[in-house]
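Below is one structure. I have some questions about it.
A, B, C and D are the chain letters, set down in written order, and residue numbers restart from 1 in every chain.
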Amino acid sequence: MAITGVMRAGHAQLRVLDIQVSRKFYRDVIGLVETGEDAQGRVYFKAWDERDHNSIVLRQADSAGVDFVGYRVLDAASLDQFERDLNARGVATRRIPAGEMLETGERLRFTLPSGHEFELFAEKAHVGNGLGLKNPPPWGPDAEHGMAPVRFDHCLLYGPNVAAVKALFTEVLGFRLVERILGPVEAGEPEVGIFLSCSNKTHDIAFVEHPNPGKLHHVSFRLNSWERVQRASDIMGMNRVPIDMGPTRHGVTRGETIYAWDPSGNRFETFAGGYEPYPDWEPITWTFDEFGHGLDYPTGTLHESFLGVVS
Amino acid sequence: MAITGVMRAGHAQLRVLDIQVSRKFYRDVIGLVETGEDAQGRVYFKAWDERDHNSIVLRQADSAGVDFVGYRVLDAASLDQFERDLNARGVATRRIPAGEMLETGERLRFTLPSGHEFELFAEKAHVGNGLGLKNPPPWGPDAEHGMAPVRFDHCLLYGPNVAAVKALFTEVLGFRLVERILGPVEAGEPEVGIFLSCSNKTHDIAFVEHPNPGKLHHVSFRLNSWERVQRASDIMGMNRVPIDMGPTRHGVTRGETIYAWDPSGNRFETFAGGYEPYPDWEPITWTFDEFGHGLDYPTGTLHESFLGVVS
Amino acid sequence: MAITGVMRAGHAQLRVLDIQVSRKFYRDVIGLVETGEDAQGRVYFKAWDERDHNSIVLRQADSAGVDFVGYRVLDAASLDQFERDLNARGVATRRIPAGEMLETGERLRFTLPSGHEFELFAEKAHVGNGLGLKNPPPWGPDAEHGMAPVRFDHCLLYGPNVAAVKALFTEVLGFRLVERILGPVEAGEPEVGIFLSCSNKTHDIAFVEHPNPGKLHHVSFRLNSWERVQRASDIMGMNRVPIDMGPTRHGVTRGETIYAWDPSGNRFETFAGGYEPYPDWEPITWTFDEFGHGLDYPTGTLHESFLGVVS
Amino acid sequence: MAITGVMRAGHAQLRVLDIQVSRKFYRDVIGLVETGEDAQGRVYFKAWDERDHNSIVLRQADSAGVDFVGYRVLDAASLDQFERDLNARGVATRRIPAGEMLETGERLRFTLPSGHEFELFAEKAHVGNGLGLKNPPPWGPDAEHGMAPVRFDHCLLYGPNVAAVKALFTEVLGFRLVERILGPVEAGEPEVGIFLSCSNKTHDIAFVEHPNPGKLHHVSFRLNSWERVQRASDIMGMNRVPIDMGPTRHGVTRGETIYAWDPSGNRFETFAGGYEPYPDWEPITWTFDEFGHGLDYPTGTLHESFLGVVS
């Protein structure tokens, strides 16, 4: 079977300072589809072209950040196998019962060496993209409400022990390294940034070395073209959304991107472009002295806020 | 491991009527990179953003068509396993020795129920995309020579026994059905067209029921945007390349497409767009009465040449 | 003064078979903004980025076609001068009083040698584009309702005596020839199609020789990009709008275009692209044998319906 | 006649520090077509889709900046009339003989209240865009050499006395105000930036109030799409061209833009987008407090270098 194990970024639970302000922002500005609210008051969203019931979950809290991210695996057998493999490696796991999140099955939770709570799950209800499975049009009204990304694509997490994280993802979870950023020569060029894929995408998850554990750099939303990136940037301007950088192109992954902050200070990306890597491809390396172009290919600028601000 | 087994369309050997005319066409009009010529006089090409040494091979012959298509598998162990699985299912296979094609390892050859010669292989030399693996720019001069597709993406083959082909690809080769076209209600709505993926692409191979075995409908080349599809259409006009249909959008797979013929009458596609399906997604179905929009979404036209002409 | 005399296509009154069906089509499918209905039951529309109160007017009638087209001139003095110049040339004119059309001043009406009723006018109320004149955003919700063209751009009229029409437009009305299509060599290569500009656009009006007087080939609506042309083509597919040709590129004017029919059989165009010609530029000529590429640059197809069907 | 008087930005003579370095930059990075070198060692370029022999002229000098800009008028009679009108207003003019610039007729030179040397001319040889005037393709190889703008579009000049400049351009030269930027409320909201058009373009020339006379903010080159703006930004990254701002969208004129510096420190713009204004339209006003969005619509950033650095 060609795709097995971990399939994709499934959900991220974000902490927001005011649930109603954020709900409006994620629904009407980013343009996600609101799909539910649970007894705890968490609000659930999906991107329009996803089929799963939810991918972004907001929880009101006193500080911004990410509670956990969850990746969907192929089936229950895969979940069991990952549990055994993780435990065999000495990673403690626990099961969160089905239904704790709306329309979502049992989740396998563990803590990454970077301090992030990470989950795998095999079941989340399919609600479809609103176009049906029979003679569907290519898009519908949801595709033009707000920035209207097609999917929650990946996230970039900041924390310590990137080398250990890489080992876990590549040796246990079946990811592979697609691109990497090296630290300074004088520090021996350690891998300070890693872009990991479990698919044909340039990244399904990425990590950057950072002293503080469990930090969120951004959750990323996929758009279908550079013109849609422009449209997103216009919508950011119309809504006075604070922009971190972009629109521009990354050297790393070739992504066409904008970074901005939600009302609580969680960074998000809207992006298009990239390429389709395969398991037999060697990773691409960005050296420290050229990382400005890796980050912002046209200008080569090392945006300070991009490097330092996390939630 | 997340991607295993068959990874991607690796090569297609096309029969052309005049090798020099075709060489010039594939190199300067389609804009592939010529990478070699072997002792038999076959000419090898790769698309610029592929890393493998070759993907399209031209052989001079008296009639157009496709000799065989080959898909790259993850490793030698996968190749051995597929051989066992195919033989267990009663499919006869043979090994073609490494080196029979330039820079290509041993190939496992067998005949599909549709009459096509099909191959799996695990080795083909990486020559890269010309940008290097260290701090690469997003593209280079090869990306603007001719239509300059990024890769050989998939092929659509016409032949009998589509149901048996589907069984073989989904039960043995690890592909899954992403979209399908049904025949007329009065015929019981058989699956007359199937779009199969072994990745996150909408199709890595497709088949349409046709009485004559072993026919080529088209080989398909990937472009990165609808504006690049337009650029390709301009280049077709400049070079008086006969166009079958497009530029338009398919309903099926949402692809943004043009079909045209090479100088020998082999159809090729240049396309962008689509979406990223996953193994847990149910396939999309196109009914016979709506297939006009599946083929040409804006107009709903059932282009006769598209349906009938093969090589 | 740099722009004087005739400024732009101002309005076209179209005959439609069912005013309510057409109103819905022009408003929700083409995506014009409805601005009024007069005592005669005529319905008025503007494109979103126009500032004038109206540009497309629908009148219920027993047959499709165009009642008249009107072009806005700089001021009342220009209108008077054109009246004198037309009369001096033997063209009879009459004044239609202000208010006969909603929010529109006095119109100077005359009949072209091609049999079309043509008008000039100097006054039509500015209602703006909905974004205001102070710190406006680049676009708003109207820009995504239906195909949402930015303006009524030009029209192509079919009728006899194209040579006389050209003389009138270039010698009296201040237009200039930007491109032209020649008839067959054996017929002496008469100008059978002329594209006339009174601005920096490739055409503000165009005429093609045709035996029947007063015919409408199409009214044309401007879009801002090839991706918006694709979006329009998707909307046509979603609404089963019959398409005549496209999406494709014209050789003539380089326009990126789709032609389709409204529910009454009036053809309209949605287009982007082109270039900006100037009065000192010599016109471009399309010969009869190459007109296929002038019409449909990629394919070179002489679409029969395009050439023959008018309303 | 619909377009009279001043037609377009015709030429700008730029001072560069090293003529050979700059020649290579304007030819191979910006992608202009080199058309000649004169006895003084000045090097001449045109943008590919211009028909005039030259538009950008480089002169080696000790400091960067602009020697003069010249605008093409309709004909010799217009030139004479402007001379009379300028002199009547007390503006001293002088004639620079035909041939002083390659392939260029007599020029009428005068000094603007902002301290810039400004010229009008009626003759410059047409050399065409390389595609011919008979059945031309929509573009050719020149359209993909470097950033390959279609034309020299406009320039933005910094200097004192913007109010007097505006009066001269609108009262004598036939330009009109399309957009304007106001100074602070406490300063009485003077017009500190004016965007003037003599065509259907949003600006053919622009001025910003600045204490130093005769300063160049940028010369601007037109691209045909936002995707071409991205391509230009990639080429800037590949060639390590220092970027001032962008890619982004202006609120002012809606332009899709990048600003960067040539090797001598002259700023240039590559841009697409905008809209088509007419003489009857009221100007758009940007207030001081919202000018950040006028400059960089998505982010609202008041880029300091953009405001302060001139050559």
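Methods note: contacts are C-beta pairs under 8 Å (C-beta built on N, C-alpha and C of every residue); 3 or more make two chains touch, one makes a residue touch a chain.
Here is each chain with its UniProt name: A, B, C, D = Metapyrocatechase.
Just so you know, these numbers come straight off a predicted model, no measurement behind them.
Each chain gets a centre from the mean of its Cα atoms; the one farthest from the centre of chain B is D.
Between chain C and chain D, the centres computed from C-alpha atoms are 31 Å apart. Centroid to centroid, with C-alpha atoms defining each point, chain B and chain D lie 48 Å apart.
Looking at chain C, residues 137-138, 225-227, 234, 237, 249, 251, 293, 297 sit in touch with two or more other chains.
Taken as a graph of touching chains, this assembly is complete, with every chain in contact with every other.
Remark: chain B residues 1-8, 49, 51, 72, 74, 126, 133-138, 150-151, 174-176, 197-201, 224-226, 249, 251, 254, 273, 275-276, 278-287, 290, 293-294, 297 touch chain A in the complex. Considering their complex, residues 137-139, 144, 225, 227, 234, 237-238 of chain D touch chain B. Contact residues of chain A toward chain D in the complex are 226-227, 230, 233-234, 236-237, 240, 243, 247-249, 251, 256, 258, 293, 297-300.
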